[in-house]
Amino acid sequence: MQRIAVLTSGGDSSGMNPAIRAVTRKAIYHGIEVIGIKRGYTGFIEGEMSLLNLGSVADIIQRGGTMLFSARSEEFRTPEGRKKAFENVERFGIQGLIVIGGDGSFRGARQFHKEFGLPIIGVPGTIDNDIVGTDYSIGFDTAINTVVDAINKIRDTATSHERTFIVEVMGRDTGFIALTAGLAAGAESILIPEKPFSINDICHKLMQGHKRGKLHSIILVAEGASDSFDVASQIKEKTGFDTKVIILGHLQRGGAPTAYERVIGSCMGAKAVELLRNGEVLKMVGMQAGKIVALDIEDSALKKKPIDMDMYDLANILSI
Amino acid sequence: MQRIAVLTSGGDSSGMNPAIRAVTRKAIYHGIEVIGIKRGYTGFIEGEMSLLNLGSVADIIQRGGTMLFSARSEEFRTPEGRKKAFENVERFGIQGLIVIGGDGSFRGARQFHKEFGLPIIGVPGTIDNDIVGTDYSIGFDTAINTVVDAINKIRDTATSHERTFIVEVMGRDTGFIALTAGLAAGAESILIPEKPFSINDICHKLMQGHKRGKLHSIILVAEGASDSFDVASQIKEKTGFDTKVIILGHLQRGGAPTAYERVIGSCMGAKAVELLRNGEVLKMVGMQAGKIVALDIEDSALKKKPIDMDMYDLANILSI
Amino acid sequence: MQRIAVLTSGGDSSGMNPAIRAVTRKAIYHGIEVIGIKRGYTGFIEGEMSLLNLGSVADIIQRGGTMLFSARSEEFRTPEGRKKAFENVERFGIQGLIVIGGDGSFRGARQFHKEFGLPIIGVPGTIDNDIVGTDYSIGFDTAINTVVDAINKIRDTATSHERTFIVEVMGRDTGFIALTAGLAAGAESILIPEKPFSINDICHKLMQGHKRGKLHSIILVAEGASDSFDVASQIKEKTGFDTKVIILGHLQRGGAPTAYERVIGSCMGAKAVELLRNGEVLKMVGMQAGKIVALDIEDSALKKKPIDMDMYDLANILSI
Amino acid sequence: MQRIAVLTSGGDSSGMNPAIRAVTRKAIYHGIEVIGIKRGYTGFIEGEMSLLNLGSVADIIQRGGTMLFSARSEEFRTPEGRKKAFENVERFGIQGLIVIGGDGSFRGARQFHKEFGLPIIGVPGTIDNDIVGTDYSIGFDTAINTVVDAINKIRDTATSHERTFIVEVMGRDTGFIALTAGLAAGAESILIPEKPFSINDICHKLMQGHKRGKLHSIILVAEGASDSFDVASQIKEKTGFDTKVIILGHLQRGGAPTAYERVIGSCMGAKAVELLRNGEVLKMVGMQAGKIVALDIEDSALKKKPIDMDMYDLANILSI
């Protein structure tokens, strides 16, 4: 193996840069050249790529986002688009590809491998942490800390004014961010798509807390669980409490990667290079049982990653 | 002077706690007792107040919000409400009052002083920094840093995806937060209520930047300057750029006070006690020409604080 | 089980408060009363303890240190000291004890259980992460992030002045902090007690980096690996590079717990209560294979926790 | 004026990058070319300089340190060194120079101007904030916040273990950092070179605080005020309190500039360009009475900047 390529695809997440750095330096260490492809599959199709050297990835480990840029490519979903990309594979002499992204990006990778046989290794990168098979996806720890910091600030105002705040976080189909950040921040209620909820129960808990002297409440809502403004107006109506909504939105993606993010991003990037060197042709790097391992990339498409309901119950018990 | 009282009123702002601490400890140092009134004028009316000692204000200098809580009181706008409050003044033997809040709170203070003669000193506390007469209001520096931190995170995503982001900040009538944070964050355009703007000019600047290789743009919008979603859709239409909106909202109030906030909060709180001790009966503490001074509290009501248009021009030049 | 007690012992670590909160609320949820013992075994001996309720642990999840205070007790090493402590067990009707601390604290716990039969569960809390058997100890993630933040700041100066900085971190016998933070921060060299090093090799790497255009270098030294000032003077002598030393020291213990810290602290605290409820009499909570589990507390005393040499090699490869 | 140059000299400080950015973009806006000189006077002598364009200073406003690097140059103190530098002035067609640095750097600037007549404007950049004439020097606000953050962390441990901590900060001849950070952090005692202190008084205050229930104390020491380890051992001896020392050292220079730093750095950099355009030949930009103004650069050499003793007294009163 003499030359591989790396790209980031889908929504950016903090920690992608440490992973790109690890891919690049680990490969160069083993005498393999690394091509950086820009703008995900878009740059793959359009041949926007260039050689990375040791210095190309200097001073990026502490930066959010992705130095290779990212994009969602419609064209890569077409056979013509993928054919153009393969022409670049031949033109640039690429013998293996590392795709850092989410399950949408991995679908494209599987299809491309099936059609053209190029060895491809996926590295899970999405703040949602919802990729099946791996316990961790790059960007999650940083996102959680950003949400917790935001809630800390909001709590100051919530306490000073004895208010209820609805904080909406990312998670269209899954509640990983809401649940983990909610447990960490001591949110009074957590609404996730995986678990039906009753406004009456929430209001009951709010009012009981109020009776015990609680001066404020934070309700964390995954965007896919409910409409936050609707939840707010129902609470206001049923309890009379002053209730405000704040939507964290794109604030959750960026920011300097946490130490954990940098460690895992580095380990996953290096593992991807190792897998290519070992002759693997279609795998996903992942975390299982606390270790960085190789997983079947097909797995990530088949089912939905289950959320830890014990953690959900614990969050409820502790935020009484 | 043997006993004074202190309250926080209106929207909470970070730095109110250092000011409360300074009022309390400075007064006690001079042998004056301090009553802490809870929930602003609401607690003043309802007699929700108790003696503060040295330890009551320990370990609060680093906390956002206000340990005395805050509220907006409709009742204090009525003669009956103010009369009830004055009964508490007599009951608790309060000889002077320090009101930490914005110009709405100062209006009430002036009225109360006129009716009952109680010496009152205002301390400017509002993240908007729009109180006339004083160059600085408690909470502004912390809010600016929060906005700049948020833009740092957003910029990571904006760059990775080559997007334009509209970031809406507080400021219904004034653009102090938008302008100062925009200059500090290098925002490409800043929309403030004080200055008419043209969407065409903004789009022109965006497209020129794009031609020169700029990968993203941040447009900072004071909430009173325009509707952010409307700005976004116009930009999208005219330039074709992917444009997202994020509203920082209540995120801007709380958070641990910055070092500057703690210093100014401490100095202003101490100055308020000094003014009462010197026999002043109706003043506002403020910052002028870099010094903490006594100002005529009437001034804060009469006119609108002008924004620094040189700073606005500089922000435009530097973010080219 | 009607009444249990909890204490923190040894060096404080961030995340102890979330653990105390979880112990308290989880126990109360199950109808068990919780006694908070102050100052570790010192308070245990002296009977400094009082009932905790739901509100006692409100608003502590985001605070560093330990609300129960900590201390090292010589007296608890004596039979007399432990006998006094047991009198308090009887006086206060304590049926189980949760000890949050390091292996020194667990030694005392084992001895006390052996002598008096009181069920005791240990929760690993030490920033050094060196407790045998568990992959994680409370305080480690926060400490790592503090070290990485410090290195970020130091790197600005190192780059501006093209200097080499020796950064000394905690770790008398183990290099967990140095290795993990070093990988996360991209430190050019990492010196740990577990691995002999050669000053000549370090200087060689420094000079090669310098030739390739590296403007600065960070060398991370675990306090037990070498004398930092000695390392600095040897490097200065052999390379001629301007080399400074900074010792992070007690800066590494405190600070608001990270999101991860709060989650793990909460889960471990809750697990300890569960183990007592299940009739366990001498266990340690720990993390293994990514799960919170019950471990044999004896294990923590017998051997030394091995460091991950693959991670060490990776850090070397990536920081070339 | 067609071409000017800019350099940073002496110890780096956070905020130098916003100043460089402002110099560059403001000059280009007025049609003036900007040469960036590397490594301060060293690069000036050696001709290490190149043209900066709009993009050269993109994405630096949020970075600590200085993108132009800094150094202390012995050679520039010699007539030969300065003559070489002037040859570069002629070779590169430099018509004005902006020097961002401290008073040592300004001394060289005055000498050079006297000998060769080149218009030079100084911009005060030093975390010590001790340059005479200006109320503010770039880097101070960021340094203060770094110190306050560090004390926050240390206080967690100090409280948990009921310890006294001596925190040593920069300031060989002046106590600006110690005093301002000490007031902001609520340090129990502040030792500065400008004010003699008595160990007995400090111990007396410590013991009185202890009697009132204070669980810990932070003593902030400017490096020029005393030997921290000596202070610690005297306190330990006289009070018996467990007393630790932590030296923040180079941690204080770097780090992302605060919002205030970026605003002031930007305004000062732009002002320097304005002064050159207005035909000034030897001035220092400074802050006086809350405004950015032109000052006589000679002033900075003549006397010592006095510290605000009212602030010192206030810090003592508030930290009782």
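First chain written, first letter: the chains are A, B, C and D, and each begins at residue 1.
Please note the rule applied: a residue touches a chain if its C-beta (ideal position, glycine included) is under 8 Å from a C-beta of that chain, and two chains touch if they have at least 3 such contacts.
These are the chains along with the protein names UniProt gives them: A, B, C, D = ATP-dependent 6-phosphofructokinase.
From a predicted model like this one, the values you see are computed outputs, not experimental measurements.
Using the average of C-alpha coordinates as each chain's centre, B ends up farthest from chain C. The two sequence copies chain A and chain B touch through a face in which the numbers common to both exceed half of the numbers used overall. Note on chain placement: the centre of chain A and the centre of chain B lie 35 Å apart, centres being C-alpha means. Mean C-alpha position of chain B lies 40 Å from that of chain C. With centres defined as mean CA coordinates, chain C is found 28 Å away from chain A.
Annotation for chain B: residues 152 touch two or more other chains.
A ring topology is adopted by the chain contact network, closed into one cycle in which each chain touches exactly two others. Pairwise, the chains that make contact are A-B, A-C, B-D, C-D. Partner chain A is touched in their complex by these residues of chain B: 8, 12, 14, 63-66, 69-71, 146, 150, 152-157, 159-162, 165, 215, 244, 246-247, 249-251, 253-255.
Contact residues on chain C toward chain A in their complex (touch as defined above): 21-22, 25-26, 29, 54-55, 58, 61-62, 135, 141, 144-145, 147-148, 152, 180-181, 183-186, 212-214, 256, 258-260, 262-263, 266-267, 270, 287-291, 311, 314, 317-318, 320.
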